[in-house]
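Each chain gets a letter, A, B, C, D and E, in the order it is written, and its residues are counted from 1.
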Amino acid sequence: MTDILNSFTEAFNLIFSLDREIYGIILLTLFVTVFSTIISSVIGISSGVVIGSKEFKGKKQLVRVVQTLMGLPPVVVGVLVYLMLSRKGPLGELGLLFTAPAMVIAQVIIVTPIIMGLTISAIKSKAECIEETCKGLGLGYIRTLAMLILECRYQLTSVVLAGYGRAISEVGAVMLVGGNIQYHTRVITTSIVLETGKGNYDKGLALGIILLLISFIINWTMQRIQEV
Amino acid sequence: MTDILNSFTEAFNLIFSLDREIYGIILLTLFVTVFSTIISSVIGISSGVVIGSKEFKGKKQLVRVVQTLMGLPPVVVGVLVYLMLSRKGPLGELGLLFTAPAMVIAQVIIVTPIIMGLTISAIKSKAECIEETCKGLGLGYIRTLAMLILECRYQLTSVVLAGYGRAISEVGAVMLVGGNIQYHTRVITTSIVLETGKGNYDKGLALGIILLLISFIINWTMQRIQEV
Amino acid sequence: MICLKEIKKSYNGRIVLDIDDLLFERGKIYAVLGPNGSGKSTLVKIIKGIEKPDSGEVLYTGKKEMDFAYLPQKPYMFNFSVLKNIMMGIANKDDALKKAKDALKQVGLENLKEARACSLSGGEAQRVATARILVLDKEVVLLDEPAAAVDVSSIHLVENYIKKANKENKTTFIITTHNPSQAIRLADEAIFLFEGRVYERGEPEKLFKNPEKSETISFLANWRI
Amino acid sequence: MICLKEIKKSYNGRIVLDIDDLLFERGKIYAVLGPNGSGKSTLVKIIKGIEKPDSGEVLYTGKKEMDFAYLPQKPYMFNFSVLKNIMMGIANKDDALKKAKDALKQVGLENLKEARACSLSGGEAQRVATARILVLDKEVVLLDEPAAAVDVSSIHLVENYIKKANKENKTTFIITTHNPSQAIRLADEAIFLFEGRVYERGEPEKLFKNPEKSETISFLANWRI
Amino acid sequence: TKNDEKTEEKSVQNGSVLTLATTTSVNDSGLLEYLQPQFEQDTGVTLKIIAQGTGQAIKTGEDGNADVLFIHDKKSEEKFVADGNGLSRIELMYNYFVLVGSEDDPAKISGSAKSAEECFKRIMGSKSFFVSRGDDSGTHKKELGIWKKAGLTPSGNDWYVSAGKGMGEVLKMASEKKAYTLTDKATFLSMKDKLDLKILLMDAKDLFNQYTIIKVNPDKHKHVNKKNSDKFVEWMTSEKVLVMINNFGKVKYGESLFYVNYVKKD
């Protein structure tokens, strides 16, 4: 119990310590998670809307595969991306391993199926009615999909936030492909693992509290945007 | 690339090796993830339906908090549960640390907000209309909620599967509170971490493939149930 | 008796219902008419307690609003068979099936009993929804436009079903409609709403043939032309 | 010209539309009538290409179905203002606002231009949806029950708007309705559907006053009573 | 931290980076963090440290994703060099593993035992809980070697807990379960305050722990930065740094954590 209380003081201290390292870590965390969520949302929502609003052969199977991929273990994604980006791998020339872009790539792979799978089911109930109305108004396919997204914005916001939740809490992939290098690829979650690995559970918790604060601010911002 | 191909052979070998250890790991994985998803679904869907269908003061704030908790980092949950269950912690007497129930507890904490947050937004669009109709038919509050759940079953299935995806892919919490003890609390994800830590990326991938197979079977079963 | 006292309801600052005093007696059939947006649906929802008035109160003697059956203007069809939809609200499960089949017959749709309720045509759905309400045998029934999408050859089925319930069980009906002829055929009393206020009320035939207020006259100006 | 050839459509093995040969000429107003479930909406959807027939084909000369404007029986109201809803389909944004305001005036709802479209009353929504379609000035317009929820004092607004478009722009209309009087007021030709088949067609007044087939007769039996 | 900023700016200008793969236990001791700023200042090279499991660190080297390895597992080091992945083993420093356990000491080790082999026998004899790293790390391999030398197979017994985790977490677990475990001294000392464990056996001959630096073979991996890895080794083996290593930990723990045993060749 005292451990938990200590953590709050520690979190407070960390935030107001004006320590350049901790701010660097927070900024990198924000960059990686926000960026990968944006990319995943663009891919996931657009493909999800197309799949969800269309009837075609093999749709059921496709949906099952996408939903299965919602459970892609981050470590596995980490290994796959590692093998791709490793110097020996097919994309080794790019020299992306142990950099922030590698972390973004891995997270996009993890988050996209989540956003896609949830989008497919989120738009289902309104799709038919909106499509019929849009066709009747002579709107093109793209505008119809745009209207569908717009009208499901409340739900899609939650979907994106669920994806963001996964991105910001994930550690297995960013650890592997980022390398948790101090001042370079260390983010909050990898710091937490580092600290708990050292047995510093209170510092780990403190970092966790900071992470949740960031998450809350992002949520708050998103919901504000959605309400406009 | 050859690494990836090797992994498929390896996965195949593992499954058909008739190795008692690997089967134990698979069974424990199934037990922990399915059990914690069921508990989380019961809590998350029932509370989500209540919150989603009601208007009350502070609802917006509550929803924000729940959606923030969708991004609870597993390691942090792991630490919290660890501190609770540790010998010195408030629930130390129970002796649950480093056991399967401890893993279930941690996963329930992680998965419940995800299911709850997504349920709140999933039922929103149909809630008003269904409630009005149910009230008109004289159905009680509980039956109205039941009808709401039933009519949103397609979406809620996806929501549960998203929760399951998190449970089965999560590793930070089960590692900490389960301890990854061979023959006792080792599950697929912790094995993957162990193997990748040893540099056995192909074995890690192989285990990942097995995990996805399990995930696919669970998905397939759930969708079958939903279609009935 | 149901009695509305100084009910006021507004949305976004616009008053949509403003009723000083309105009384419904048990055992009678009331028809509520008025232009689109005059507050008919809002009135019915307030009686049922679905919407809360900003001020004023609804007084009940005998059965409370909880026991009223109510058909929304856009009823929801549950995603199972028509028969199951109709059986949903019946508390006593013993004769539910028999009752549901009978109700479906009353609205002339026996042949659809196994159809999925959510794939029905507009008029079919409305008739099933009405049957789903009437099968409950409640003492007070509120119907929000039960016949708008019903074809001319089936309207009399719905109307007869209502009349029968009123005769046999003394059911009180409050029905909104856009069809003055229907009010004449069906109702003991018609209530004319305009911009949220009760402008006239009375025996339907008399009211519609000799309206007093200019609003009522212009509302009916194009009727039967 | 729009021509339906040997169109067959069934749902779950039940045939809901079975049309040998049906022709619509440009510039005319057609009213489609028939009991609930007789296939009116299905017919309109097939003409628009929303539903595919199981067999047979729809032939078009001149404008294709892509260019037809179509009002579904249950139109969707987008979650923004009424005016924005009406402007949605207008391609030329320059005079969109002026046009939308004018269309809203035609259906008598100028006062609601700033209201959220999804909180409109049933009849208001239907009128806005009709305005949203008519403002597009398409050559062919399909309306699935544009007046079912519209009050008696506003129906003539909608009808006049349709007539005006037909006169001034030679717009072709195919309109489903449950109101034979409306067909008489509005249409050049009425088509009577029964169980998915065309039973009779002709000049509305003549058709409804002297129907030939027994099905038409019994369909109209309770009309105006 | 002002110094940090300067060195960082300098190295960014040079665009010169060295990637070092090491094991978590080396990293957790804090040695590299202590050396890093000095290194960056002296050489102008940015040091990127990747702390991984032993096997994983070796794989990172094999794949050519690191320039230098800093590890402590002789057998895999020799294999790494023999396979042509690395140039040569440079033995830099050593310390001793320690056997830790709870105050109760059910196997009666404290004070009486002279070698790890003997302790392990007593642990097995008394069926006392023992937490093993179980992750093929240098520490784990050391432990397995001792069991083997003692002619025992502990695996499969209830008291033998194979955790498959890092050193810090294994220590926590041993403390929680009142069990024995083998640990490197540095990690233990850095966590001592949070543990209900004490050292029961130290400085035993069979607990010798050698730390080695290996340059990744630039002939095999063209991306490897030979210039910088030379610089690194040269710097690490310079007199100044060797003294730094010998002094590391003295202030905090009152004793050295590592002892230099580097012998200059040729």
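Here is the rule we go by: contacts are C-beta pairs under 8 Å (C-beta built on N, C-alpha and C of every residue); 3 or more make two chains touch, one makes a residue touch a chain.
Remember, it's a predicted structure, so these values are computed and weren't measured experimentally.
Counting only chains that touch, the fewest steps needed to get from chain C to chain E is 2. Measuring from the averaged C-alpha position of chain B to that of chain D gives a distance of 50 Å. If you average the Cα atoms of chain B and of chain E, the two centres end up 36 Å apart. In chain C, 74 are the positions where the chain touches two or more neighbouring chains simultaneously. Multi-chain contact residues of chain E (touching two or more other chains): 169.
Among the residues of chain B, those touching two or more other chains are numbered 126, 176, 193, 196, 201. Here the touching chains pair up as A-B, A-D, A-E, B-C, B-E, C-D.
Within the complex formed with chain E, the chain B residues making contact are 86-87, 97-98, 175-176, 179-184, 186, 190-191, 193-194, 196-201. Partner chain D is touched in their complex by these residues of chain C: 11-12, 33-38, 41, 73-74, 112, 115, 119-124, 127, 145, 148-156, 178-181, 218-224. By the touch criterion stated above, chain B contacts chain C in their complex at residues 126, 129-130, 132-133, 135-139, 147, 150-151. Those residues of chain E that touch chain A in the complex are listed here as 1, 5, 8, 19, 24, 28, 33, 36, 48-51, 63-65, 166-169, 171-172, 187, 190-191, 194-195, 221, 223. The residues of chain A lying in touch with chain B in their complex are 1, 3-4, 60, 63-65, 67-76, 78-80, 82-83, 89-90, 114, 117-118, 120-122, 124-126, 152, 154-155, 157-159, 161-162, 164-169, 171-172, 176, 188-189, 192-193, 196, 201, 204-205, 208-209, 211-212, 215-216, 219-220, 223.
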